[in-house]
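Accompanying notes for the structure given below.
Going by the order they are written in, the chains are A, B, C and D; count residues from 1 in each one.
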Amino acid sequence: MDVGRRLLLKGSVALAALAALPRTLLAAAWPEKAFAASEADAAMSTLFGTNESTPSDRITLKVPEIAENGAVVPVTISTTLENVESISIVVRNNPRPLAASFEIPAGTLPDVSSRIKMGETSDVIAVVRTNTGIYSTSKQVKVTIGGCGG
Amino acid sequence: MKNTAAKLLLCLVPILWQQAAIAGPEDDRKAFVEYFQSRFPDVSFAEFANGIYAIDDDARRQWQDIEEFPPYEFAIEQGETLWHEALPGGAQLADCFERPADEIRPAYPRFDADRGEVVTLAVAINDCRQTHQLSALAYDSEELISITAYLAYLARGKPVAIRVPADDPGAIAAYEEGKRFYYSKRGQLNFACSDCHVTSVGLYVRADRLSASLGHTTHFPVYRSKLGGMISLHQRFSGCVRDVRAKPFALQSKEFRNLEYFLSYMGNGLEFNGPGARK
Amino acid sequence: MASKIKVKAKLSGDVAEIKSLMLHPMETGSRKDPDSGELVPAHHITQLTFTNNGKTVMVANFSTAVSKNPYFGFSFSGAKAGDTLKVSWVDNKGATDELETVLK
Amino acid sequence: MVPVRANRSGALLGVLAAVLMVTGCTTTFERRLAEAEQLRLEAAAAGAEWLQTESLLDQARDEAAQGDTDAALVLVDKARFQAEAALRQAEFEATAWQERVIK
C-alpha cells in the first residue's frame, strides 16, 4: 500500500474521505499534480517524468476538424504499439492541458474513447506510454464561437 | 357489377373530396419538400429528419459519436418511470390516451375541434395530470420533457402524418397562423424563420450552419450539449425568436403551438426519430 | 438511489467492448452561476474504474475537462459470458456511484 | 415613486411641485415613459415586441429613481424607437410574409 501511505501524508481530511472508498479505487492514485499543471509540457513531465515523446504514426487519434461544440468534443485514441501502459489526452491550449489519463492493464486493448471540453482552438495530443517509452501524435481541433445553435 | 361500381364510387368520393379539400396545406408541403430537395439534391428525403446532420459531414460524424451512447438515454429512462407512475386514484398517464403508447407521439400536434385550438403532446400530458388532480408540470421541466422523450423514443420509425382536416375551418386557420408566423419577419434583426432556414439554409451564421426546416420537428426533445440537458421544441423556438432579438412567446403559447402544427405538417412522410442529440 | 451509470457491453469472441455513460455535472470551477454570479466550485469525477470478475481492466483518470455527463468507451480481452463487470467512480468531493452488470 | 415619498410630507410635496413646474423634468419623463410603454404594449399585442424594449424601460425607471432623468430619457427614447419600429414591422409584415412562402 505504497500509494495509500503517500496519500496519508496529505492529512486526515483526505484520509477520512479515502477510508470510505472501495479498496479497488486505491489501485492507482489520481495524478493530481499533472492535472493541476497549466502548461502541456509541465503536465507531461509530471505524469511521465519527461516532456519528450516520440511522434508515432502507429497511434490513431480521431477528433473532429471543427468541434461542433467545445463542450463536447468526441475523442478516440487507439494504437498498434505493443505493451501499452497508459493513454493520455492533452489539450495544449486548455487552462489545465491534461484532460484525462487512462491506465491500460495487460489484456485491455489500447483503444479508448471519451468526450472532452475545449476552451479554444488547440492541438489535441494523444500520448501513449509503453514499456519502451512515450509516444504521441497530435491533431488540431478548431473551436469556434457559435451563432444560434452554439 | 352495378353494385360494385357503386361501392367503388362510394369509396372514391371521400378520397377525392379529401384530396381536393386539403389542397392548401398539401400544396404547401409539396413545394416545401421540393425546395429543400432541389437545394440539396444529394440528400435523400428521409435524411432531412436528421436536421443539420443531413447536410454537414464533419458535424454528422461528431453527432454519430455522441449517438453511440447519447446522454438523452437518462431522460428516456426517467420518462418511462414517470409514465408508469401511479397517479392519484391509481390511474396512469397512459389511461388518458386512447391508443398504444407508441402511437401517442405521432398523434400530436392535432387540432382539437372542441377546444378550437392546437393540442400538443406536452399540453395533452398536462391535461391528463390535471384530470387526475395533479398540478400541470412546467413546460421546461425535466419531468415533462422526459415523458415526451420516452414517448418520442417509442414512436421512432413511425411516419409523421399530421392532419389538417379540410372540413375544419379552425384547423385550417391554426395551420395558416403557424405558416404566417413562420414566414413573418420579427425582432430587431428583422428575420423570419424562413430567412435562415429556407433562404439561407446551409450557410453559416458565425460558426453555425443553418439547418433545413424540413424535418425540424421530428427529433425533439433533444439533448443540447451546450446546456448539458434536454430541451423541448418550444424552447428551441424560443431560442430562435430570441436570437433575432424579438421577445419570445411563452412555451406552449398559441403562437408556438400553431407554428408546431405548421412545421410538423411540412414534415409529413418523414420518420419520427426523437429524442435527439444536438450541439 | 438507482445508479446514474449506464453501461453497454458487447462480447465478440473473448473481447468485451464496453461503453459507459454517467450523470455528473463535471463542473470546471471556472463557471459562474448565472443567477448569483458566484463561481461554481469544481465538482468532477476523478477516477472511473472497471473490474471484470474482480480484476481491474481499466482505470480512467478524469480532469474537469471531461464533458458533463461523461462518456467513456474501451475494450478488453479475456472476457466471457457470465463475467461480472463492475463500474465505479469517485469524485473530488468523495461521492461515489457504482453499477454491476453481467456480460452476455 | 416621487409622489409617494412626497405624500409623507405636505411641505415636501409643495417644494417638489414647485420644482417640477419650473423644470418640467419629471413630468416630461413620466409622460414620455407612459407613451413608450403604451407603444410597447401595442407592439406586444401585435405579437411583434422586440427583445429588449421592456428592459430598456425598466432601466429607464431605475435611472429616474436614482435621479438621472437625462439618462432615463435616453433609454425611454430608445425603447420608443424600438416599439415604433416593431409596430411598423408588424404592419408591413401583415401582407409581406406571403411573398416569402415557398411556392
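Here, contacts are C-beta pairs under 8 Å (C-beta built on N, C-alpha and C of every residue); 3 or more make two chains touch, one makes a residue touch a chain.
These numbers come from a predicted model, not from an experiment.
Visitor: Write down the chain pair with more C-beta contact pairs when A-B is set against B-C.
Guide: When the contacts at A-B and B-C are counted, A-B has more.
Visitor: Once you find the CA centre of chain A and the CA centre of chain B, what distance in Å lies between them?
Guide: Chain centres of chain A and chain B, defined by C-alpha means, are spaced 41 Å apart.
Visitor: Using the average of all C-alpha atoms in each chain as its centre, how far is it in Å between chain B and chain C?
Guide: Roughly 34 Å, centre to centre.
Visitor: On a C-alpha centroid basis, what's the spacing between chain C and chain D, in Å?
Guide: Taking the average C-alpha coordinate of chain C and of chain D, the gap between them is 54 Å.
Visitor: Could you tell me the distance, in whole angstrom, between the mean C-alpha positions of chain B and chain D?
Guide: From the centre of chain B to the centre of chain D is 38 Å.
Visitor: For chain C, jot down the residues that touch at least 2 other chains.
Guide: In chain C, residues 67-68, 71, 73 touch at least two other chains, as defined above.
Visitor: In chain B, which residues are in touch with two or more of the other chains?
Guide: Those would be 66, 68, 225, 228.
Visitor: Identify all positions of chain A at which a residue touches two or more other chains, and write them in rising order.
Guide: Each of 71-73, 76, 113, 115 in chain A touches at least two other chains.
Visitor: When you check every pair of chains, which ones turn out to touch?
Guide: A-B, A-C, B-C, B-D
Visitor: In the complex formed with chain B, which residues of chain A make contact?
Guide: The contact residues of chain A facing chain B are 64-69, 71-74, 76, 113, 115, 144-150.
Visitor: Where on chain B does chain C make contact in their complex?
Guide: Within the complex, chain B touches chain C at residues 66, 68-69, 71, 73-74, 225, 228.
Visitor: Can you list the chain B residues touching chain D in their complex?
Guide: Answer in residue numbers: 28, 31-32, 35, 179-180, 183-188, 190, 192, 194-195, 198-199, 242, 245-249, 255.
Visitor: Please output the residues of chain D touching chain B within their complex, sorted ascending.
Guide: Residues of chain D touching chain B: 44, 47-54, 82, 85, 89, 93, 96-98, 100-103.
Visitor: Which positions of chain B touch chain A when the two form their complex?
Guide: Within the complex, chain B touches chain A at residues 52, 58-59, 61-63, 65-66, 68, 196, 204-208, 210-211, 225-226, 228, 239-240, 243, 278-279.
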